[in-house]
Amino acid sequence: MLLKTRGLSKVFGGLRAVADLDIQVADGQIVGLIGPNGAGKSTVFNLITGVLRPTAGQIIFDGADITNKKAHVTAKLGIGRTFQSAYLFPDFTVLENLVAASFLHPKCNFWEATLRTPGYRRKEAAKLEQAKEILEFVGLEPMQDELAKNLAHGYQKVLGVARALAVKPKLLLLDEPVAGMTAEEIAFSLDVFKKIREQGVAILLIEHNLEFMTLCDRVFVLNFGHKIAEGTPQEVRKDADVCEAFFGTEDD
Amino acid sequence: MQLDIRDIRIHYGKAIAVDGVSIRVGAGEVVAIVGANGSGKSTILEAISGLTPLSSGEIWFGEERIDRLPAYEIVRRGLMQVPEGRRLFPYLSVWTNMQMGASLRKDKAGIRKDMEEVFEHFPILRERRNQKAGSLSGGEQQMLAIARAMVGRPKLLCLDEPSLGLAPIMVNGLVPVIKDINEQGVGVLLVEQNVPLALKVADRAYALQVGKVILEGDAETFRCNDVVRKAYLGG
Amino acid sequence: MLESRWSKLAGLLLLLVILFLVPVIVGGRPYVLHVGVMVLLNIIMVSSLRTIFLSGQISVAHAAFVGCGAYFAGVLAKQFALAPWITIPAGAIMAMVLGVLLGIPFTRVRAIYFAMVSLFGGIFLVDLIRVARTWTGGGTGLSKIPPLAQSFVGQKVPYYYCTLALTIVCLIILWRIEHSRVGMNWKAIAQSHLVASSVGINEAFYRVLALAVGCFFAGLAGAWYAHFNMTLSPDSYGFLPSIFLVMYMLVGGQKSFAGPIIGAGLLYSIPEIFRRLGTAAPLVLGVVMLIVVYLMPEGLAGLYDQLKGQLLKSREERVTKSAAED
Amino acid sequence: MSGSLLAQSAVNALVLSSLYILMALGFALLLSIMGVVNFAHAVIYMVGGYVCYELIVTAGLNNWVALAITALGLGLFGLFLERFGFRPFFGNTNRIIVLTLAVIVILESLVNVLVGSEVRAIPSFWSGSFQIKGVWIAHERIIAFVAAAVLLIAVFTFIRRSRTGQQMLATSQDFVGATLQGINIYRITAIAAFIACALAAVAGGLMGSLMFLNPFAGDQMLVRAIQVVILAGIGSIGGVLVGGLILGVLNAFLPLWLEGSAVDAVGVAVIIVIMLFRPQGLFGHEA
């Protein structure tokens, strides 16, 4: 297992946002985390990536306990992520976003940077190269000099994914990656996700669009911080609890 | 015709959020706008309530053009909103929150009477009227947000995602509430991601995608439409 | 693109030549040169303050760090008879250490709350200077600090050239840091600390680093000033002086590297230029500030782009108008 | 330590607290309702002192009349500042900061030009002193305390009880939410600015009779006001009372053991330590 949580819980001022949650992501899988708004999905992401500290429970990533690690450390260990809304550096250009995100690979220190040693220049050139490669990979190359805040909504989200790829993740967490996209943009993004998986990167994604589940190898359904179902998309779709969480009890 | 949105466009910086949308709500009608996050639904509501300026187009309410009025003037004309995230005043009591809904009304007796009426609808709020709004549960907060708007006696009530963060049971509870409001002669414009809920209460609906209306019609039209069914109705 | 780069370089060279010739132009008038040195030192202070702002931290304690550098150098020179080549770096390092010590516990505090922390941090440092009066002279100040060199006494020209050289070196270093990976990380954190940490940038470390760099140069300018002015008063480093450094930066334009330089240069000299107005001289400053607030949203440094934009717009309008008439 | 000295300090603490609260309340109102960090609050206080002085000494008015006119006049100045200074730049912190600093520069320099920089003292409201159980209390201090307390009770009653006051609280908690209830927020911000400036002016007038006036007298007082607001927590109006009391007590009692500048250092250190654990202040809503 690449990622495993055990009894993960988070309490906000007496309210249990995440309760005793066990989820697993295997290498190379695309795993879905679905549930209605307010079910605690984004909180799970924030717990895994170290933005929030869990109240209880354990998170194992790639064989190591990362339960109380900070956000920049989990990134270093190989967890890339996107955000639901604040997904990029708005005042940087598209290319700068990627260069800024290429912080970890290759790594250089303060003195190298200030003194501009040959090693530093070489590494920065490598970063630029890598940034351009990623942009080409996700198809954003033509707009690399545009300010990120001026991109259309769909492209901004794709840029968010590209930015997360720059940490060379083993696991990619995507928070509602296709929300608000057109049908074509969704199709485009799906291709990108499949290509990412082909490169051996596992994906854990949040979505409340049920249709999107078909992409997943495995799905966990959350409601009010509790896991109410798990399994393949087909299994989950039949589950009565899931139907209730999404549609309420049918009264007609 | 009560609310008439005519071909509006809204930009955020260079990006376009709403692109040529026309929506009409007749007197006493319940109309829903459905669509995913980022499709521009909330932006339209912001524009209606005067919080976001239009790049082009017009918004009419009754016989008057309202898209250049300050927000409080729009409220004065009887168009109230239960906004995204509810926007309660968390450190004021339930009672005071409801009083705020009646900010523009001068008839103290009438306000008191309406408060009583609203409490009939939401008895739990009467019980908690001295509690701070921030200490209520999610469902109670949603009720308070709706109750607050009702005390303002609107002609048209806009609801922005009332089902957000509610338990399924609570979501079902919204249906009679919205129908009740409508029966008192108040028009309702409902913005929802929860399409089944929206279709349960709305006379007509508009589906929004990336700032454009892609489908318009009654609930039946929506249930029969393949795109909508696949995207939202799980089947 | 290339063309504008060359014209910028030419402009910069011209500016350097003018700055170099200032003592000749003013005929060595000591008062003008004194103001010149002060302007240069203020440029270092404000530019280093902008470094801190780059990382998204609002600091309203900068004058206090200038003061720490000044007092540390002054006390070392006067009470311990150390030479300026020791006291000046020591002052800079002292300011840096204090900045780091105050910064580390508050890396989780952001925006206006950080501004408030820095505000009281600054006031606290100045209060400490007042309390330690056996060394610092307390509220009456510290006087008879040795000059930069004995041969400089009573002369302003050598001070001017030395300070000019110092300023140029400091600005080059600050410019290089800003345009390196470190500067990029600061800007990234300022835009979104969440996204920045999600790509592996250690927010706490880089914020403290920004404080260290900013306070170092503030302390450096302060220590230099101690050996230039030879007397120090704690009043120059309190709450309002800090706010005024922020104001120089905002009026100049926070977004560009040139902004603080223009802001400090112009705003510091205005009251001096209008000195003959006596107590009314600051009125001119106030009016200039109001003009900037109402007419220049991006500050003085943004004026060029602003005018260019308006020119383009009006030309476009004229074109569309004449097209419509055709 | 003699009991009478302690009692004396307690009286001082009350007087100082009430004046700090007068100053801080206005600053807190503008901060929480408009998000404006009004540095000009310092000069309004100082100008208040001078206007009051001129009205009493030059125009020969009764002290109380002069104080009322001062409050009204600077309240109107607050309206002016809100309409032409804050409102056009709503939400643009940087420009408002420069604007308030410009107001400081201009008003300080105007006072310097018009009245000069030598210190003045406002003639006593009620000279003399009396004694209770061996504690001598100057009438002046009692006057300042009572006047400040009456004013504070009035303002707090207005905020807590009146409809407009409640709307002010609502606006400070959720600006957009308030707009959507039909509250005319510009009316609210104007009232807040009037109250804020009038209170600062009264504080200046009262303090001017206890201490000397000089053109830079406001700076120290502004720092005190910000200290109180931070103790209280940004966004908390009621907390200002407690914050002011704490600061007043610190500043009245610490001098018994420490010398002047050390008192300030300890006061500030207390605040820094509090911010370490509660950056949002004692009664602040969130960090």
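In this document, chain identifiers A, B, C and D correspond to the written order of the chains, with residue numbering beginning at 1 in each.
Here is the rule we use: contacts are C-beta pairs under 8 Å (C-beta built on N, C-alpha and C of every residue); 3 or more make two chains touch, one makes a residue touch a chain.
Given the structure is predicted, the values throughout are model-derived calculations rather than measurements.
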Checklist outcome for this item: Maximum number of contact pairs occurs between chains C-D
Checklist entry - Rounded to the nearest whole Å, what is the centre-to-centre distance of chain C and chain D, using the mean of the C-alpha atoms as each centre? => result 31
Checklist outcome for this item: For the pair chain B and chain C, the C-alpha centroid-to-centroid distance in angstrom is 50
Next on the checklist: Taking the mean of the CA coordinates per chain, how far is chain A from chain C in Å?
Outcome noted: 41
Next on the checklist: Chains as vertices, touching pairs as edges: which of line, ring, star, complete or other describes this one?
Outcome noted: ring
Next on the checklist: With touch defined as at the top, which chains are paired up in contact here?
Outcome noted: A-B, A-C, B-D, C-D
Checklist entry - Of all residues in chain D, which touch chain C in the complex? => result 37, 39, 88-89, 92, 94-95, 97-99, 101-106, 108-110, 112-113, 116-117, 219, 222-223, 226-227, 230, 234, 261-262, 264-265, 268-269, 271-272, 275-276, 279-280, 287
Checklist outcome for this item: Contacts from chain D onto chain B in the complex sit at residues 163, 166-167, 169-170, 173-174, 176-185, 285
Checklist outcome for this item: The answer for chain A against chain B in the complex is residues 36-38, 84, 149-154, 176, 179-183, 185, 208-211, 223-224, 237, 244-249, 251
Checklist outcome for this item: Within their complex, chain A touches chain C through residues 49, 51, 70-72, 75-76, 80-81, 83, 86-92, 96, 99-104, 108, 110, 113-114, 116, 120, 124, 163-164, 166-167
Checklist entry - Along chain B, where are the residues that touch chain A in the complex? => result 13-17, 36-39, 138, 161, 163-169, 171-172, 193-194, 196-197, 209-210, 227, 230-232, 234
